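Okay, so chain A shows up in both of these, paired with chain B first and chain C after.
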Partner chain A sequence: MSDLNTAMVERYRTNFLKEVEANVEEGEWVKMCMQCGVCSGSCPLGKFWAHPPQEIFMMIRAGKREEVLSSDSMWMCTSCYNCIVRCPRELPITHIMHGLATYAKRLGLVPQNQPTAKFAQLFWDNLMKKGRVNELKLGLALYFMNGFGEGVKTALKKQKLGMNMMKTGRMNPMEILGGHAVKDLSGFQKVIQKAQELEDARIAQHGARQGA
Partner chain B sequence: MTEVVATNETILVVGGGISGMTAALEAAETGKQVVLVEKRPYLGGRVSQLYKYFPKLCFPTCGLEINQRRAKTNPNLRVLTMAEVTGLKGEKGNYTATVRISPRYVNGNCTACGECEKAVSSEFDDEYNYGLGKRKGAYLPYRMAHPAQYVLDPRLIGTPEAEQAKAACKYDAIDLDMREESVDFPCGAVIWATGWQPYDAAKIQPYGYDRFPNVITSVEFERLADPQGPTGGKLVRPSDGKEAKRVAFIQCAGSRDRNHLLHCSRICCMASLKQCTYVADAWGTDADVSVYYIDLRAIDRFEDFYAKVRGIEQVKFIKSKPASIVADKEGNPVVHGVDTEGYNRYADTFDLVVLAVGMAPSVDRASFPVDIVLNREGFIEADEANGGVFAAGCASDALDVNRAVQHATGAALRAIQAVHGAAGVEG
Partner chain C sequence: MAKKQYSFYPGCSSQKGASSSNYLVSVQTMCEELDIQLNEIPDWNCCAASIGYAGGGELPRLTLSARNIALSEQHNAGQDIVATCAACWLSTREAAERLHEDQSLLAECNTALAEAGLKLKNATPIKHMAEVLVEDIGYDTIAAKVKKPLSGIKIAGYVGCQTNRPFGIAGESYENPRYLDKLVEALGGDALTGYEKKVQCCGGALAFSEPAKSQEMVKGIIEAAYDHGADLIVTPCPVCQMNVEVYQDEINATYGTQFKMPVVYYSNLMAVAFGRSAKDAALNAQIIPAKALDDLAAK
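Showing the complex of A and B:
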């Protein structure tokens, strides 16, 4: 358990719903769920979830903190928005799922080798270097995400696609050497830095108390 | 030309359903002059299209018959059918109403003998059966219609069939020269009893009402169950006439949904429980009924009825609002969702799915001929600003028949007080 996680447990004790409302994006909507089940039934990946959204909302209200935050479920969301469109109470379910995933990540509770979480990290790290995604490097990183052998296999399998993309000018092999950046890279970094400051301030407001 | 004798002490009632009839009769029986305006060719409204009432499972024809007799014998009541209020000017105690009357092409000589119906052949969708069946171009809207007068469909006018109908009539009751007319008359108070309409189920896209013939609405199912209905009371499904033994009821179809109707329509839970008994009565142990619900709202004394239906072995209750309906190769609707008691994923196949559609107000904001205060659901608020216009029944809220009749009686009293106030009478 991370220190932050221990601190959060200390602060919110038995009231996990309050913790979610304060710390998870759109978390204040969780109490509005009337348990009709339309979101769960509408989720195209629903059968791969250990706990569908409706159940997660109930678990939050029941204070099942560990089960929710270390769950694989919210990481399965593909942002298709079926649930948001159909929810009779207009809960921003997709956003809550991403909010829960983000919060779990912050607390260090993401299940090990969760592929969505791994990919998200790869994507973010790639993006931060040049202010744009280097698709060639991201693609290769993804191929080798699960080990060298599997990476070579995938690369060979996708060879034809890669060649075609190069031929049609959709992929530049030279991007492997560093790759090009956005026009104003330092400006981009400032934007990100500012956003991080704002986010940190928001987190501090609801987060663990000093010395807790 | 239609003439309406009225004064500023006359009460105008708009809508001749159970609420409008009640309000009009209650006011007329106190001695007030009442003009009742009804859009359809007959009185009774949506109650006339019900097979049975909940919770007693008695027949609405019984109460309608009593009200029809009260209407026939009361000299203070003037009924205008096929008529709509197009204008209302003035203020409490002094209104002028404009009413547009569509031609029936049949006058008061009609004895409802039915010879004109035999003489014509063209058929049209039967509005009384929500389009589930056909009727002739010369028709009595339904068996118990009041006034008991035939109607000629305007689409027949100008065709040889209209002449054939006229020639077949022995009582000189068919008048093909009738024209639409507009009449103005004074009134002191208005009771607005325009009722409700079933929410347009096609708007609930995942349920496929517009795509699957075996997904129907609760009002249509009511017609299927009625021995006077399009199937003679046999519960068969629309696509192929197969017996509908496995039936699903989906609650809150449009109600309690911010994408559709904001409010709980109040009647749908009880209506579906009632319709469960139709299926169980029709097929006995072969019946297989599932009710999908968020929560069942069988309030106060209805709890007993809920317990009774809960006791029927062939009826299952599934706590879940289904996510979607698809059709399999045989045209059977398959209901998909996840239940709330265990979070189990289901895909259940049925012969017929009935959507318990919600109650939407009949008249939209823009169509009111007079300034009126509506709530956010579109029902009429009891507000001083409405002057001498009072809502009765489902124009004011989603109500069952019992509550609509109570509300209409209250509206009659309000209207009487308004015309008394205007005339300077105590009371």
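Showing the complex of A and C:
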């Protein structure tokens, strides 16, 4: 368990809803949920969620902290925004799901080998390097994210797809040598690093303050 | 007629040698014909799309978009931002709205931007190219430019998710948006208005991390197009285009189907209908060739 997780358990002891409201993106909306279930019924990957959004909202209010944060449910969100536009109370459900996923990751509670969690991190690391996504390196990193052996198998399986992309000029093997980048890379990285520090400090302070 | 000018955010996937570089080529052709001038935002960065959330938290993610808007306000002052990628548009507009509603987030964001000498005024409208076409240009003007009508070509308008929700195009419904059909009709094509999968999710970025789940949805999107007798699918989104076109071999292997359905951008259609060459319309970048368009462009 991470130190921050221990601190948050201490701080919010009996009130998971408060913890979510203070630390999760758009978390202050959770208590507005009226349990109609339209979000769950509208989700394109709904059948794969152990706990669909409606249930997640009720579980937060019921204090089921561990079950919610270590669930892989919110990692099934495809960001299709069906739930957002259909919610009668206009909860920003997509953002809350992203926020819960990010918060779980911050606390070290994401299930092992959750593929979307891993891919999302690869994507972020990739874009931070040059300020723009390098699709070739991202694709290769994806193939090899579960180890070398599986990576070689995946790469072979995807060979035809890769050739198709290359032949049509939609993938450039030379991107491996650096590729597209922002010009003011150091400025870019300083800006995002500062944003990261400000957010980390804000959330660490929540964990540090005693008594919810 | 004076050219309409926009501050242009092309996005990572449209760069040379990237997965939707063909989108950019055809958009440039389309804009030449419609007297639209796109002024690229200097030194723009990635928006983190809809999958960056886990690596970067809320503030770093919003700051990515804020940097782009600030650069646009500095270098392309007074021009609306226009994006061709659905995710670029959504992320940028979402960031602008969130930072408008939450002043403390905006203050943090500007503290971060100051590290590179930037400041966000956050007073710039952010549009998708589809909005520019429908609202600023209009179907009638588009129809008047047509030199080679797409006569007899049956086209399924696949709007997808992020060009449609949560913002969408003014006056259109989320559940049954009609602008792609109207655009096809303006170009003289045969719009399959009853195409029921028009707003079905393709899986987005989960096509990479959860391929089986995504491809099951893509299968439905293609199958419905065949059921309606479509010659091709048209979409406004680079992720939709890629997910629905490039995995058809894998889907055929999994499900025993024999899909070979071309998937193009509205800009491919427009470039051909405006009488431009197959090369200017970027038809050479189709993995599954759009034969009906190739034939028309060659006429």
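We take it that the second predicted complex is superposed on the first by the 202 of 212 C-alpha atoms of A that agree within 3 Å, B and C clash if a C-alpha of one lies under 4 Å from a C-alpha of the other, contacts with A are read in each partner's own complex, and residues count from 1 in each chain.
Simple rule for what comes next: a contact is a pair of C-beta atoms (placed from the backbone, for glycine too) under 8 Å apart; a residue touches a chain by one contact, two chains touch by 3 or more.
Because the structure is a prediction, the values reported are computed rather than measured.
Q: Taking chain A as the common reference, can chain B and chain C both be placed on it without clashing, or not? Answer clash or fit.
A: fit
Q: So, A:89: does it touch chain B (first), chain C (second), both, or neither?
A: The answer is first: A:89 touches chain B but not chain C.
Q: Regarding the shared-chain residue A:67, is it in contact with chain B (first), chain C (second), both, or neither?
A: neither
Q: Looking at A:184 after the superposition, I want to know if it touches chain B, chain C, both of them or none. Which is it: first, second, both, neither?
A: A:184 contacts chain C only, not chain B.
Q: If you stack the two complexes on chain A, which partner ends up touching A:79: first (chain B), second (chain C), both, or neither?
A: Once the two structures are laid over each other on A, A:79 reaches chain C alone.
Q: Please name the chain, chain B or chain C, that touches the greater number of residues in chain A.
A: Touching more of chain A: C.
Q: Is A:54 in contact with chain B, with chain C, with both, or with neither (first, second, both, neither)?
A: Touch partner of A:54: chain B, not chain C.
Q: Which partner does A:40 reach: the first (chain B), the second (chain C), both, or neither?
A: First partner only.
Q: With the two complexes overlaid on chain A, what is the closest approach of chain B to chain C, counting only CA atoms, in Å?
A: 6
Q: Touching chain B and also chain C: which chain A residues?
A: Residues 85-86, which sit in both footprints.
Q: Applying the document's contact rule, which stretches of chain B touch chain A when the two form their complex?
A: Touch residues, chain B against chain A: 206, 252, 256-260, 294, 320-324, 336-340, 343, 345.
Q: Give every residue of chain A touching chain B within the complex, in rising order.
A: Contacts found on chain A: 34-42, 46-47, 51-52, 54-55, 85-86, 88-90.
Q: What residues of chain C sit close enough to touch chain A in their complex?
A: 12-13, 15-22, 43-46, 48-60, 62-64, 67, 108-109, 111-113, 115-118, 161-162, 165-166, 168, 174, 200-201, 203-206, 208-210, 213-214, 217, 246-247, 249-250, 284-287
Q: Which residues of chain A touch chain C once you look at their complex with the stated criterion?
A: Where chain A meets chain C, its residues are 25, 44-45, 48, 76, 78-82, 84-86, 94, 98-99, 101-102, 105-106, 115-121, 123-125, 127-128, 131-133, 135, 142, 160-161, 164-165, 168-172, 174-175, 180, 182-184, 187-188, 190-196, 198-199, 202.
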